[in-house]
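Each of the next two complexes has chain A plus one other chain: chain B in the first, chain C in the second.
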Partner chain A sequence: MTDTRQNPANNKGGSLLQHSARTRKRNAAERRFRAYGIAAISVGLLMLCVLVTTIVGRGTGAFQQTFVTLEVELLESKLDKSGTRDIDAIKKVTTFGYAPIIRAAVEAKVAELGIDSPLKAKEMAGILSKDAAATLREFVIANPDQIGETVEFRFLASSRVDGYMKGRVSRDSIANDKSISPEQLDLVDALVSAGVVEKTFNLAFITGADASDARPEAAGMGVSMLGSLFMMLVVLALALPIGVAASIYLEEFAPKNWLTDIIEVNISNLAAVPSIVFGILGLAVFINYMHLPMSAPLVGGLVLTLMTLPTVIISTRAALKAVPPSIRDAALGVGASRMQAVFHHVLPLAAPGILTGTIIGLAQALGETAPLLLIGMVGFIASNAPETIADGLLSPNSAMPAQIYEWAKRADPAFYERAWGGIIILLIFLVTMNTVAVILRRRFERRW
Partner chain B sequence: MNQMTALEKDVETQKTKIAAKNVNVYYGESHAIKDVNVEIEDNTVTAFIGPSGCGKSTFLRCLNRMNDTIDICRVTGDIEIDGEDIYDSRVDPVQLRAKVGMVFQKPNPFPKSIYDNVAYGPRIHGLAANKAELDEIVEKSLRRGAIWDEVKDRLDAPGTGLSGGQQQRLCIARAVATEPEVLLMDEPCSALDPIATAQIEELIDELRDSYSVVIVTHSMQQAARVSQKTAFFHLGNLVEFGATGQIFTNPEDPRTESYITGRIG
Partner chain C sequence: MSFVKFTASALAISAVSATAAAARDQVQVAGSSTVLPYASIVAEAFGENFDFPTPVVESGGSSAGLKRFCEGVGENTIDVANASRRIKDKEIKACAENGVTDIIEVQIGYDGIVFASDINGNGFEYTPSDWFLALSDEILVDGKMVANPNKTWADVNTAFPAQDIQAFIPGTKHGTREVFEDKVILAGCEATGAFDVLLAAAEGDSDKAKHKAAEKACISLRTDGVSVDIDGDYTETLARIESNKDGIGVFGLAFYENNTDKLQVATMSGVVPSTESIATGEYPVSRPLFFYVKKAHIGVIPGLKEYAEFFVADEVAGPDGPLAEYGLVSDPELSKTQAAVAEEAVMGGNS
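Let's turn to the complex of A and B:
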């Protein structure tokens, strides 16, 4: 290297107050490298900002919903002709039987407010969700004593009206839309100024069940959240003990030979296997061979356990490796057995690392979609909370990411908005879990 | 102290505690200890000296079967403690280690309180019937480790928060808490400053009253100061073994002489 001689770093004979050419060059290189680093981080942050603003911008709409407040007269002549309040007779009245009551309520409201509309009562009631009749029926079945009274209800507006309120639907865009007409929108405008139609926070989106294609306004994440919860319980109950036991054995007890080497290589390989492979394995083994029910969170949990195990094992082994060997020596030196050394000293020190790894594994599993599609965890479930844990594990359900996928797939833009809203909920869960992992790591890091 | 005091040391003979016969140790293919025969006495400090890598630690770890934890390590020959072969298939190495305590090169207190560090051994061996007895054992051990006065007011403080010298004395206290008969120390002062070293050396001299102490050291001055017997290892061989004064002033083997005068090492 000739330039070493030309620009000696020590600037022999020169002043320390003057930078030598070599020093200047080195400083410039360091500044340049710092600039590259800052640029890289800025790009990352920018992407993150774009991501977050897009998601928030598109998803927050799902947390608001348009409601129509109506006073409904629960006519005895329609709902309980016999007048006996016999619950079985009341149940015989289908949602069709409730339609005239709702129509009458809308008509009455419009007349009361003195709104001039060319619409027929049936068309006026069209601004309400198809869910309204079902809501009413549920209420009557739950409170038969209210029949004959006039009760105030907040009905969901139809998804078109909701879209109009949120700016998703305009008068131009409905030109070819059979589900809504400009006259209906006029009516909505009038009802908005009268305070009958308003847009408010929609708890049902967080707690409710999915709804059919025709009623996007009634769809919610709640039931799929339960599905995800049950799957996470399965994953936690299986992946943590199995993963930790396997890691402890491999790290602390197993002889180092070709067999354990092969196991090691395979665990690393499993961590890299695409999740859809686990999905098809789950389909073949758990459903086709073991005949476990399709779409059940138990099966989803088993598949995700397979997927999470390598992550848990790898992070647990890393946590065990990070415990200095001198701690093991110390325990063995005072006459502890290997198992005592592991359970009294090594494991407590590795616990934060193990928990961090497990939480990150769980978070991965929570966001996993592909394997769930294969085992059919995208069923349309309109049911609500399961009665028992076994019921929750075995009855068909969906999962948050699968539900989001399902919504994004449907044609109606109202479902699209809900998909974004679902992503917000999912991200909140993931960020919370990762934050817990980071806090655990920070709190218990390196106590020796 | 110098070699003169080493000469003056009384060399009364004690009963044999550990007898090693034809011990060979292999790490896989490599032959780390070659045909070592040695008799270690009770109530005596025996020093293992020799250049780095000559097998001092390896041989020391044979005495409480810590080598069992190394997969590739293989030990042949006989090592007897009080006439019983410790490599007999009926011997449980864990039980052996309670009888042969060990102090390591780097102080390695558990990341627990000072009290728990000392109490751990007695707890797992069931040496105390109740809390009061355990307290007593802890105090006695900490006194033995010459650290009681420094820590008696903060037994709940973490052991890892002590200074290096204090940590090492805590480790010695922890080792004596299980009431061993032999104490093995692998370069216990190499990570310590001279003052802490002097304290530990003084402590080792006191421990001689109750235990047979074997100490590995690469410092010849330390061997001369604390030990009554010295074994010089070289390339896996036990070159010379005898009274410390004898080894330091009048070595029989030319290799020992070269090492002592600083020509190898």
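Let's turn to the complex of A and C:
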């Protein structure tokens, strides 16, 4: 034993230049572990890339839409038979009554351009969205003085024509399709070269309301975005004050005994409760017992508040804990009351952490669909834009994730594209909110 | 402190909401996901053409819709339930217990159920017997009921290719399932003679009970993974077929017509499904669609009666209307329905 210690040159494991077998093994293990780590990160990044490219690849189509520009003669004989411009008489003409006017406009355009088409007027008008009649009627009711004039309109093209312009629909794929014929596509081709049919940016997708299954081309996210906004307002207005008050009390004032321990454990447990449970609770308490209206963003907001509260409380308590006790002691030492110490010194220092937690909680609530299923916010709902704040809270509306879910279920492939487009919008919101949270934390958080 | 203000405003919001919650001015509809596209088309056109707000249409299935419909009378209950089947006596009773007594039944038209497979796969010409032989858990072989031995479609019918049987059928919560069982499996059961054997073996006190037992035995499907229940929507069935090219799915006609680039439809008893062949009754697998209106809500919820009348108006539900264009087979007796809605004829009366 002593020999080996006295003569390090003979010691096999002691050379700095030559690693022993054991050291080499340890080094190899470390290299392997690093390789595993890099592999894990690469797999994660690859998945993220696949996800983002799929979403962007499939969803960007929704931000473009095909429009048809037509001059429409607003025939007095069809729209206002009496000629008195009485608004009630004009309103009696339903959207079905506007169909012949649109047909005539398409026919006139085709004749004017000298396009030779074997189609009848009704089939020609088939390249237009069913939304065209609604657009026209809305215009006439808003401007009854224009009856008798010829006005230029930009109508939406039907979802099949739009799909053809985007490459989703081809001449092969419509062999059995009764909604569109190859002759109609010939007409579209001719109108495209004449500049009547064109594909442009689709603002209505971002601002518009949901549309029925017969006209996917008219559907938009706007109204459901407002629904989400109102829900987030409710969540913010309730979860932040309640959550912060609860955590300040628990952290700074409450005595440590079995009761507060139970409360603490239950808050942690609540954070792990599946969100659908909150939906059932919301249905039972807010709708069946408190008689709040169904499908209202107010109820959605209340349900999501319940879901977000634990997150807010846990992050607020962590932020309060991170403030060093010396700050409290110093404040108390110069004669501040405990409340003054908390509100003047501890809370401002903990604010960045509280805000970060709240924003992350809001982002989580924004993407939640399951509880909304049970309180009637999934379906054909987001069709009326709210007019006032009370209206926004109480009249039926959907939410962004619910709208995406709804679109993904519908039969027409054009809705599927819009579902992906909706995901892009939702992701932009989530990424923005999380970025704000990160910036807040970076800029204002203090470390001791 | 701003938190105090926040709390105060939150309380104010809830107070305002509690008082304003009293009035509801839009029609609230829920129920069958098959009727949902039609109801949403009507709701949209209704909102455009009338001064009432666009009705709210939720889905969830016929049974779920009728259950909510029967919860009671009042503004926090729905006004209209969509259903892809007739309301059951049990449900009418449940309704009556909760005070929902005067129910107006409105038949809007017919819907076809089609069998479709991947566009690039084999085409099929089915009869109900083929489906019974492919999916029933017991079939008739040499006069005896044995566990279904069929593995491929060629085993079922020698005219078919040797493709594995893989069927995606609607789950039991769908109204479509009942039609599939009644019009396809049960018909096949009777056609193959299995029904008579089952009836002879059935236990029961009366002929009626025996009949019921035999029917129940007929429609029990095999559970070895050959037939898969789809509880979601047709989009899920479509996704299953896209990933499993051997799969045959059950769809609504309107869904198939919107996805003709991905699906090919099979004929049933030699008839190609279309709105025309369903209207004439040639295509056997179809069912009526309904919606139910609470009479007590007419006059309380603005626009409810107008919505019901608009739904069955000629220009909407007629053969040239937007619903027929989307895939609804219009009811030849629509004018009777219109009259019934106009005079608010309730169920259990003479209608």
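In the analysis below, the second predicted complex is superposed on the first by the 408 of 448 C-alpha atoms of A that agree within 3 Å, B and C clash if a C-alpha of one lies under 4 Å from a C-alpha of the other, contacts with A are read in each partner's own complex, and residues count from 1 in each chain.
In this section, contacts are C-beta pairs under 8 Å (C-beta built on N, C-alpha and C of every residue); 3 or more make two chains touch, one makes a residue touch a chain.
Nothing here was measured: the structure is a model prediction, and the numbers come from that model.
By the document's definition of touching, of the two partners only chain C reaches A:413; chain B does not. In the superposed model, A:279 makes contact with neither chain B nor chain C. In the superposition on chain A, contact is made by A:288 with chain C only, not with chain B.
Look at A:213: by the touch rule set out above, it reaches chain C but stays clear of chain B.
When the two structures are aligned on the shared chain, A:334 is found in touch with chain B, with no touch to chain C. Contacts of A:367 after superposition on the shared chain: neither chain B nor chain C is touched.
In the superposed pair of complexes, A:394 makes contact with chain C only, with no contact to chain B. The interface of chain A with chain B does not overlap its interface with chain C at any residue. Here chain A touches chain B in the complex through residues 255-256, 324, 326-338, 340, 344-345, 349, 447-448, going by the rule given at the top. Contact residues of chain A toward chain C in the complex are 91, 94-96, 130, 134, 137-138, 169, 173-179, 211-215, 234, 237-238, 240-242, 244-245, 287-288, 290-295, 298, 343, 376, 378-381, 383-384, 390, 393-396, 408-413, 416.
The touching residues of chain B, when paired with chain A in their complex, are 64, 66, 69, 71, 94-95, 97-99, 101-104, 106, 108-111, 120-121, 124-125, 160, 171, 174-175, 177-178.
Those residues of chain C that touch chain A in the shared complex are 1, 3, 6-7, 9-10, 13, 16-18, 20-21, 24, 26, 28, 30, 33, 36-37, 39-41, 43-45, 47-49, 51, 53-54, 56-59, 75-76, 78, 232-235, 254-255, 257-261, 264-265, 315, 322, 325-326.
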